[in-house]
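The following pair of complexes shares a single chain, subunit A, combined with subunit B in the former and subunit C in the latter.
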Partner chain A sequence: MGKFKGLNYRRPAYLLMLMNMFGFGLLFVANSYNPNILYVGAGLLGLFILMYTIIVLCRMGDKFIMLMACMLITIGVLLLCRIKIDYGIRQIMWVAIGGAAFFTVYVVYYNIRFWNRMWFLYLALGTGLFLATLLFGKVVNGSKNWISLGGFSFQPAEITKILFIMFLACYYSGSWNKPFLRLKPKWVTMLGTYLFIGFLVLQRDWGTILVLFAIYIFMIYVYEKGYGFLAGNVGVAAIVALLGYKFLYHIQVRVSAWLDPWSDIADKGYQITQSLFAIASGGYFGRGLGNGSPNYIPEVHSDFIFAAVCEEMGVFGGAAIIILFFLIAYRCFKISITAQDPFDKAVCLGLTLMFAVQTFIIVGGVIKMIPLTGITLPFVSYGGTSIVVNFASLGIIQAISAKEERGTGGAGHESK
Partner chain B sequence: MTFYNFLSSILSYVFTFIIYLFIFGVIRLIYLDVKKMSRFENNSVSGVETASLKTLHGKNQAETELKNRYMIYGEAVIGRSKTCDIVLREKYVSNQHVRIWFEKGEWYLEDLGSRNGTEVNGQRIRQRVMLDPQDEISIGGLRFVFEL
Partner chain C sequence: MNPNKKIIRVLVVVCVMFLSLVTYLLYFNMFEAEEVATNPYNKRQWEDEKFVKRGTIYDRDGVVLAETEVSGDERIRKYPQGRLYSHVIGYCSKVYGKSQLEMKYDKELLGQGDIAISFNELRSGYDLTLTIDNDLQQYAYDQLNGREGAVVALEPTTGKVLAMVSYPDFDPSAESLEKNWNAIVEREDSPLLARATQGLYPPGSTYKIATAAAAYETGRITETFQDNGKFERDGLSVDNYGQAAYGEIDLKRAFEVSSNYAFCTLGYEMGPEKVLEEAERFGVGKEFGFDIPVEKSEIQYKKMTAQDAALVSIGQGQLLMTPLHVAMMGAAVANGGKMMQPYLVDTISTASGLTLSETKPAVLYDVMDAGCAEYLDTLMQGVVANGTGKSCQISGITVAGKTGTAENETDQDHAWFVGYAPAENPQIAVAVLLEYDGGAGGTNAGPIARNVIRKYLQK
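Entry: the complex of A and B
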């Protein structure tokens, strides 16, 4: 990277800082000169400069993923501060913790070499987290997916996503081929997948089910030779989904609100119609930060933040978010393709799929393209666990790209 | 319409402009990065030519765990001794078994007087040979594929 002229190379980072200053300056004026806004803005700017400098100076591999993630976070925190200042302040604390998680995970993943042998641990930890959720969880918005420990609550399902990806990667990287209880690893991974999905059905967490199942299907599509296994899985899932639609009230409500939200606009279709009104009122360039009325949409700070972005920054702003996710996915796929170690390849692929699928599901849900299921938009939505886990995944991807950039460095996984 | 609303509407265009300029900048840098990568397609790392030996796991009966791929930076001596660049702690590998090096645009292989010999594409090596990509190399019965 050294041959680029300094300005060219740093220009996107400067633009990000400019965006941050303009945005928080405007909000400062909008909120009758509340100094908290400026503290949030300055904190975000400081965190970004610190993280980006460490990545560049320590030659930690890919520089663009973090840059784009920071842009998404800046847009997200701007909108959150505009919706309610408290959300912005809490989000910036989570971003700080997430940044710490990013570097911790980076160091740990880079230096430990036996990740590919611990499939049993991933399965056991995932199952343990689900059981803990079922026993000690509390119900929020119809889904029992929160655990609170001494005033600090988190969503275990977010953590299970990473465990699930590493579990799949153990088999698909080819480092786990011994049968377990006379079952071939292929069937064990399949059973593990459906075990996780079964727990999520008990928790009524439809969004995460879709994410996990999509990751599994794409992994099969990439790694399995024939299409028979893929077709079988999709077929069974389709039948189960139809049965679920027939018998489960939750799913019926969601599908009917998707097909025709206008018939029950006061109740079941309220959220989605408000979201559509917000997107429509934004137009191409948006109504301007602070001019819209995003607070009419329920859950606007977490699931429906995309609608708020569209209202205040316009269709172009929304499209920019989608483009940024495209670019992140492109970079991660590239890292996955060029990675030397098969386990790294599989993990990187899985994490990329996680970001991509999650973005597709929630953006599609908000613009009424597919039925709505509540999950967070990575890096943009408000949510402690989501932010920390997304940063941790970025840390893993960063470690993989750093291994590659520094030559193999002997840090590949032991083959077995 | 207050002054603030006016300011905010104007700035919404500025924001869109900044975000797209940012995206354009990132795409440009990624493009330059990819272009730079393809210019050094031969995997040269900081001026040194590199090649690698990919282990054929299926055909080997190794006593120790072999890595999937061994990198060669310019030159490598392969053998059982700890002083070798690539250490293979196997029964049929001699202390200093074989040397692979890069010279004047070509890769060469030379047996260092090993007991159990070296084969390239099934042929026992007597003197130095020139290596081509995808040559199969057998070092004391362990099979590798030479890749650039």
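Entry: the complex of A and C
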């Protein structure tokens, strides 16, 4: 690795540290000198330096994805500290756990060669998690998608997203071609997809449904020959969506709140109008960190954090976040394209689409471009499961990238 | 099969998705954000008030009309005059937003643009001093005595609003508003409508002032009319008020008795073009800026015929005006043909008394030349001296005026009077409107105008 290449990643790393120091320093001053803010900032900085040093020293592949994810986390934690310092403190705990998950997943994924043969396991695990949610889950904000285990709650749907992608990749990488119960793998994959989606309908988790369905559709587009199967799936989904709109009150409320939130600001349009008030009050450059009133927005620490970014950092700050996500997606696409192993390629594509679609759905919903469906903004929103799972996904992508960087020395998947 | 080609296409789709997010965000900020940010439900608008004591509003003599009381974190907007200024100063409610002066001068009242030297210290907003005379306002309100309508008093030479009352009204205090909002909104007599500035009414015969000006300009003031009590042309038939027939009369006498026959004839013969031109000179169909929202007076015809011109000439047909605009019409005659820009806010000053800005009187429209104004002045003096406006005579003061009784969609006519005094050196111009009053302008609206004028001049 030449000197020039070394500079290439160091400079953005310094920028990230600078951003961290300035951000938390300013917030410290604006937030009446609460020392906790400095501790959070310092803790975050320490974590980044540690993680990044390991990535660079161990030659773990792409050096930019983690940098950009850390930038998003910095902005997220900054706003969480500003919204409520407790959120910020708990979030860096999650970032630490997420970092551990990142390296664990990296090592595990890198060294195991038979991922592509375990489609049944992914399906069974996913189904098991869904059943557990339905049986033991508790309802939060109208969606039954939390499980409590000994005082520790998590959202199984986040984990099933990764299982689902691995499941799809088994078939679409071409490693699975034996029929199951006389059904061709293509149909088993489709049934599995709609099984997952069906469970999510029972949980009323519309955001995750959209993410899974979009990933499935893109996968079909990329891997299936011809467009008949794609058109069939899209057509049936459109009919189901229309029927859902006709008969499900949940969906009607969301659509009418999207079309005209202003006629019912106090009730159904409350969330989205509060979000729009925040964005509109921020203007281009924002009201300044600590000067806005993000606490008027419901769920501001999770689903609506993008509105808080726009209020305090302005539309340009919001656009910067969107561009960061796009750059992450771009790097991941690149890894997917260069990946030699077909299973790696499919998994990486699926995870990339997960980040991209999820960002599009929640940002588009918060700015009222599309109907709002609650889902977290990866790396920015507060939430343990979300942060850990997103880090784990990044660990998989990093492992795939490392395999490429090291040539065939890594563990390619055995094919039959 | 190599899927890379299709993966690149997916990348392009993702790129378009992200681009559309950024584009929509920018679009929203450019074209929708301003309206959204000023929505009364946006609680951020009230944050400034936490650190500011909203400015006080005074009448021209320093009587407090609106002030903010601070108790801890609470800010209570008080209106010591009660309902008297509900249509001038408006209200200031966290739930229903702001209206009238409270809305238009929100920035000034909050002292924005001022540099806050220290945080968390209560600043004072700027104070407004109005042109309104609180005694006159109260007197006009009492004169209206619960009848639906409006009274507007102006200083003809400057355009200062001396009094402006609309009735029905409401209690503008936030507490009462939040309790009674639904009842207020649902009431059939619409108390939230500021009739003086936002009510549009056919001006009736008061508009003959404009028609007479047009007659003067076209050199028809020497004409005489054979008034048989009924104007009939091309199937249009208009009676004089009370079906009176005045025989052979000249223009001055026709104005004094308010002959519909004579003025319909003038309008019909001058034709739509001249009638429209005169209306425009008086500002009908044009917007003018004012300190509170004001409706635009209007003539709504797709294509105006001679009959329409005849109707407009007596202030009927599709002609609608606000009471404020009718008062401005009278004030323009009083001011030698120059219609002044009306205004409510005289000075803006800091809490410590430093004047920041003072409104300078300005000519709004050059309606007519001095000769025409002088001619109209004699006509209007005649109305009060020996015409329909005798009820307006004040001993020792020459009053000039014009009555109006405007037909509308109901069978209860609107009663109008517009006038000014003293005729030699006008100090006050008054317009009175009684909505759906059913009586004649001279008998019902005239005495209110007379009393308001007398009260002001005796001061």
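Just a few scattered comments:
Everything below uses one rule, namely that the second predicted complex is superposed on the first by the 409 of 416 C-alpha atoms of A that agree within 3 Å, B and C clash if a C-alpha of one lies under 4 Å from a C-alpha of the other, contacts with A are read in each partner's own complex, and residues count from 1 in each chain.
Everything that follows uses one rule, which is that contacts are C-beta pairs under 8 Å (C-beta built on N, C-alpha and C of every residue); 3 or more make two chains touch, one makes a residue touch a chain.
Predicted, not measured: the structure shown is a model, and the values here were computed from it.
In the superposed pair of complexes, A:Gly318 makes contact with subunit C only, with no contact to subunit B.
By the touch criterion stated above, A:Gly137 is placed in contact with neither subunit B nor subunit C. In the superposed model, A:Ser293 lies in contact with subunit C only, and not with subunit B. In the superposition on chain A, A:Gln340 makes contact with subunit B only, while subunit C stays out of contact range. Once chain A of one complex is fitted onto chain A of the other, the partner contacts of A:Gly98 are absent, as it touches neither subunit B nor subunit C.
Contact with subunit B, but none with subunit C, is seen for A:Val29 once the two complexes are overlaid on the shared chain. When the two complexes are overlaid on their common chain A, residue A:Arg331 makes contact with subunit B while staying clear of subunit C. Once chain A of one complex is fitted onto chain A of the other, the partner contacts of A:Phe64 are limited to subunit B, with no touch recorded for subunit C.
In the three-chain superposition model, subunit A touches both subunit B and subunit C at residues 323, 330. Remark: subunit C residues 1, 3-4, 6-11, 13-15, 17-18, 20-22, 24-26, 28-29, 32-34, 36-37, 39, 41-44, 47 touch subunit A in the complex. Contacts from subunit B toward subunit A in the complex involve residues 4-5, 7-16, 18-23, 25-30, 32-34, 36, 45, 50, 55, 57, 65-69, 71, 73. Against subunit B, in their complex, subunit A makes its touches with residues 1, 3-4, 8-9, 11-12, 15-16, 18-19, 22-23, 26, 29-30, 64, 67-68, 71, 75, 285-291, 312-314, 316-317, 320, 323-324, 327, 330-331, 334, 340-342, 407-408, 412, 414-416. Of all residues in subunit A, those touching subunit C in their complex are 218, 221-223, 225, 262, 265-266, 273, 276-277, 279-281, 283-284, 292-293, 296, 310, 315, 318-319, 322-323, 325-326, 329-330, 333, 336-337, 345, 349, 353, 356, 359-360, 363-364, 367-369.
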